[in-house]
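Here the chain labels run A, B, C, D, E and F in written order, and each chain numbers its own residues starting at 1.
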Amino acid sequence: MTDIHTLHILNKTPEHPRSKACRDALRPGDALLLIESAVLALAAQSGPESDVPVYALASDIVARGLGQCAREASLVDFPAMVDLTTRAQNVISW
Amino acid sequence: MTDIHTLHILNKTPEHPRSKACRDALRPGDALLLIESAVLALAAQSGPESDVPVYALASDIVARGLGQCAREASLVDFPAMVDLTTRAQNVISW
Amino acid sequence: MAANPIHSYTLVITGAPYSTQAPQTALSFARAAIAAGHTVDRVFLYGDGVHLASSLCAPPSDETHWPTEWSIFLTDNGIPGVACIASALRRGLVNESERKRYELSASNLLKPFIIAGLGEWVEGNMASSRTLYFHAGG
Amino acid sequence: MAANPIHSYTLVITGAPYSTQAPQTALSFARAAIAAGHTVDRVFLYGDGVHLASSLCAPPSDETHWPTEWSIFLTDNGIPGVACIASALRRGLVNESERKRYELSASNLLKPFIIAGLGEWVEGNMASSRTLYFHAGG
Amino acid sequence: MGTLMVIDQPPYGIWAGREALDMAFSLAAFDQPVSILFTGAGVNWLRTYQDTREINQKSVEKNLSAAPIFGVEAMYACARACTQYGLGPENMVDGVVLAENSSELIRQHSHTAFAG
Amino acid sequence: MGTLMVIDQPPYGIWAGREALDMAFSLAAFDQPVSILFTGAGVNWLRTYQDTREINQKSVEKNLSAAPIFGVEAMYACARACTQYGLGPENMVDGVVLAENSSELIRQHSHTAFAG
């Protein structure tokens, strides 16, 4: 059932040094979940082009007025976030 | 007596976004004082080449084992830091 | 969802309420995990996260009271909430026995939180199938 | 140094002890300012900085007790220490009158700190010749 | 030329930006000249259609719209940061002045302060 | 392959790196396999001749030297970050392994954790 190798949960803005480290760590088979301030990456020019599936917490997107920018990510609610953590072999909170 | 226009006090690592904003804000007549984590800039490759005088808190440098790297800055103690703030027309804590 | 195996979680919160979003994200996650039939073995507060266990927060009445929300959730679901003792003592969060030991004027640990060592985190790591961290953003 | 004009300072601390170096840098600065003949009009704690005014911190005995150090310094020099009321109430720092108003179990404000509004910061800005901020690093 | 409060922290994920707004409003309430500069991730405070109900925080969008009424002299947004975050007239709250050179703006104020 | 504690915060200016070390030592004390990766500004924890008396904090240099004795399996330092901060064999505490590829290291561990 663990079809995701590592689920990377990122909660920091694209400017934060740890965001870059997170992007560097993505590998085929992984997934990226943007929460809190990290959803701002969807509005940023240097958006999250990535070879892995990108998810983003809908509540954080709506709070920041980013509904229209969210095309590059699959929006998830908390039940779906829980589901993602069960599907991943490892979870890293950046 | 205010021979410094703006004294910029920086306490963040070179990776921190605010460090770059601080560097961008430096103008002739200003001075830069590195304290706390900002003294690590003296060890970094992309060191603080700058057109303005650079000062650094000696206690923070010694704590971080950076005694040998400190050639690019004038080391100051707290009395000298106080003196710098009196010589500046404006002080910005980044 | 029913086909999924049941998981057990240890949740670690290192961000303080009213400084970071960590406690609120963690609470929404914990509620969803329970609702999906999973278990939360324990919640471990570390670093600035220990402030979530303060009994003395008084936010404006139109803002969510995160310590109270967490307290109710933990109590209703019988989940242990543990504040790291080293983080807590440095940051001014004490229970009755620490109050006496350090001769302090009061205690301020919110029920049902308890104060214990990092061993609780290590044990959670081993016992739970997933350990999740909720850090300060920024 | 004697030729320098005398300055008055308002110091604003926004970083918490045992999370940031801000309170310790600010204290060394304040001591040096006083030693040089300047005055410190007041110290204003804002945001996470309010934790410096907790009476319940119990760091290990071989670590500096920053709230106590600050308390002694303020008292010895007759300097007002003010914690912002909005920051303090959210973060679980209350005096006796707030304890009563919000029906809390205890108060934890360290002497000689008082709790007051942002007006104290505004007034400091106007009255002092220099306002300095001590933020979280990182 | 008064105080420039600088907000470079993103909205809602951390509290420091909100507390910087409170500082600006407080200066204005005491009739002190104050402007606000949004820069870096902080420009995201200025986006329209913020709906914070599901994260259980108060939206600041209305506060920002009311800033001139409360006596805040100007709200500036770093033009480069707006470009970076895809903010333009169509999705930004009213009354914001784009600042092509934030450093120059800082230089024009006698006090510059961050909230954390 | 056990837990990898990642320390990317600078020493002494903020507490999170110190608290990450405590987490690593705690895992080791309970006989759990743990290694530490220093990266970004965190590599500066590894510099020799740290003298923290004047900032009134405890130095961690001795703790780090004792890490193998306490059961920490390995201490890695991101090679790129070491270059960036001018750290080499001549000014780094003993027993550190340079990691050319931090991401690969993360992949080799079953748990990766930050302290904050």
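Simple rule for what comes next: a residue touches a chain if its C-beta (ideal position, glycine included) is under 8 Å from a C-beta of that chain, and two chains touch if they have at least 3 such contacts.
From a predicted model like this one, the values you see are computed outputs, not experimental measurements.
Between chain B and chain C, the least number of touching-chain steps is 2. Graph distance from chain A to chain D, where chains that touch are one step apart, equals 2. In terms of the distance between Cα centroids, chain C is separated most widely from B. Chain centres computed from CA atoms place A at the largest separation from chain D. Counting C-beta pairs in contact across C-F and across C-E shows that the higher total falls to C-F.
At the interface between chain C and chain D, over half of the residue numbers involved are used by both copies, so each side presents largely the same positions.
The centroid of the Cα atoms in chain B and the matching centroid in chain E are 27 Å apart. Annotation: 38 Å between the Cα-based centres of chain E and chain F. Residue positions of chain C with contacts to 2 or more other chains are 18-19, 21, 47-48, 63, 86, 131, 133, 135-138.
Of all residues in chain E, those touching 2 or more other chains are 10, 12-16, 40-41, 55, 57, 111, 113-114, listed in ascending order. With touch defined as above, residues shared between interfaces to two or more other chains in chain A number as follows: 11-13, 15-17, 36-37, 59, 93-94.
The touching residues of chain B, counted against chain F in their complex, run 11-15, 36-37, 40, 43-46, 58-60, 62-69. Against chain B, the residues of chain D that register as touching in their complex are 1, 4-5, 7, 9, 21-22, 25, 28-29, 31-33, 35-36, 38, 130-135, 137-138. Residue ranges of chain F in contact with chain D, taken from their complex: 9-10, 12-16, 55-58.
Residue ranges of chain A in contact with chain C, taken from their complex: 1, 9, 11-13, 16, 35-38, 57, 59, 77-79, 81-83, 85-86, 91, 93-94. Listed in rising order, the residues of chain D touching chain F in the complex are 18-21, 24, 62-64, 136-138.
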